[in-house]
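So that you can tell them apart, the chains are marked A, B and C in the order they are listed, and the count of residues begins at 1 in each.
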Amino acid sequence: MKKVIKVKTDKLFTNITNEVSDFASSWGKSGIVNIFSKHTTLCIWCTEDELLHKLDVRFFLDKVAPRWKEPEGSHHNIKYMHDIISLRNETPADERINGHSHIRSMFFSSSETVPVDNGKLILGTYKNIFAIELDPVRDREIVCSFIEE
Amino acid sequence: MKKVIKVKTDKLFTNITNEVSDFASSWGKSGIVNIFSKHTTLCIWCTEDELLHKLDVRFFLDKVAPRWKEPEGSHHNIKYMHDIISLRNETPADERINGHSHIRSMFFSSSETVPVDNGKLILGTYKNIFAIELDPVRDREIVCSFIEE
Amino acid sequence: MKKVIKVKTDKLFTNITNEVSDFASSWGKSGIVNIFSKHTTLCIWCTEDELLHKLDVRFFLDKVAPRWKEPEGSHHNIKYMHDIISLRNETPADERINGHSHIRSMFFSSSETVPVDNGKLILGTYKNIFAIELDPVRDREIVCSFIEE
């Protein structure tokens, strides 16, 4: 069974646990569900839904992959190469500046796979399923594939 | 088929390859197995079982996400926001200090999925399956879901 | 259905989307495909196939996990522990120096799982499937497991 979640992501974290859980409930079988983002700068991540932890994640990403890099070399470059739009012939001049978003995606996954038991997600006490938006605001699609065991 | 591995993790790396391999063997079919941690600070990771490599991983985590951060700002803060327990109303005063454990989980996965051929894991020469404990010591549960192809 | 992709990886990025897509097409069903690397220093990653983004990834890896570390301690060590071959009794003296490759693997995954709909990969507009070679040049095997939903 496939189900699609459509979200307009204006925040870094969008908790999609309830949507996936409702799909699992209507499916009612046992196996796994793969929750997959169709987008390169939207990731899926299971973590705790605690505000201050989410703040740590934000600060960590800002540190390891800042939007503008420290000036480098004699040309004092602060751009990611991906954002040097003048070299990308097929790309419009007003393309989004999101080189940092792509690098940040290295810390998350395209998808998470979660076990399902008789229509119930097995997530433990603290795990929630999040869509992680690295380049807001966007209309996004997340594909949930339920596979019976 | 679902099987649960229960571990008391006192080490960063717990090799669970043999347990998963034994389950695969008793299952005897072909498909995949998803190995999933129910916990936010216990991850699953496939890597080489070589002691000095594991030391590199430990040093790397200590560097990129130390337990106490370098003092920041005029208040010289060294805590992860998650560890400022006085702001978390629902949390007991003796809560674990594990903000760094949550950030470290960004380098690993909630689960790994491994192919199975006639009851045998396909892992190649060097790959082993590990539970990565980022907040020891804990009683942990890992859920293995076997899915036939 | 299982299919194996054999590649000789002389580059950091090898785009394997077409191979996986062709397998999916011949399979013709709906479900998921898990694309798994049998090797500890070859990873699988879904990202955009844009040259300058790939350059950012290369520079990022060189920064966070350089081949030789900054000199540390009074012995000015620049080696990863994994590369101190003289301490690894079972290892030949001419073993590859790839401690950094193992650390770099923490930024990617052993496998990616992608939804399939009637023999077509669901990847969105920009997602491609790459083999990420962290220790070239090697003969590598990637196992694709197709699972019906």
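Simple rule for what comes next: a contact is a pair of C-beta atoms (placed from the backbone, for glycine too) under 8 Å apart; a residue touches a chain by one contact, two chains touch by 3 or more.
As the structure is a computational prediction, the values presented were derived from the model and not from experiment.
S.K.: Since chain A and chain B are copies that touch, just let me know if over half of their interface numbering is common to both, same, or not, different.
M.R.: Both copies, chain A as well as chain B, present different residues to each other, with under half of the numbers appearing on both sides.
S.K.: How many degrees of rotation bring the Cα atoms of chain A onto the matching Cα atoms of chain C, given to the nearest 5?
M.R.: Answer in degrees: 120, to the nearest 5.
S.K.: If you average the Cα atoms of chain A and of chain B to get two centres, how far apart are those centres in Å?
M.R.: 20
S.K.: Using the touch rule from the top of the page, what residues of chain A touch 2 or more other chains?
M.R.: Those would be 64, 107, 109, 113, 147-148.
S.K.: Going by the contact rule set out above, which residues of chain B touch chain A in the complex?
M.R.: 1-2, 34, 36-40, 64-65, 80-84, 87-88, 99, 102-103, 105-107, 109-111, 113, 141, 143, 145-148
S.K.: What does chain B use to touch chain C in their complex?
M.R.: It comes out as residues 30-32, 46-48, 50, 52-53, 55-57, 59-60, 64, 107-109, 112-115, 117, 122-127, 147-149.
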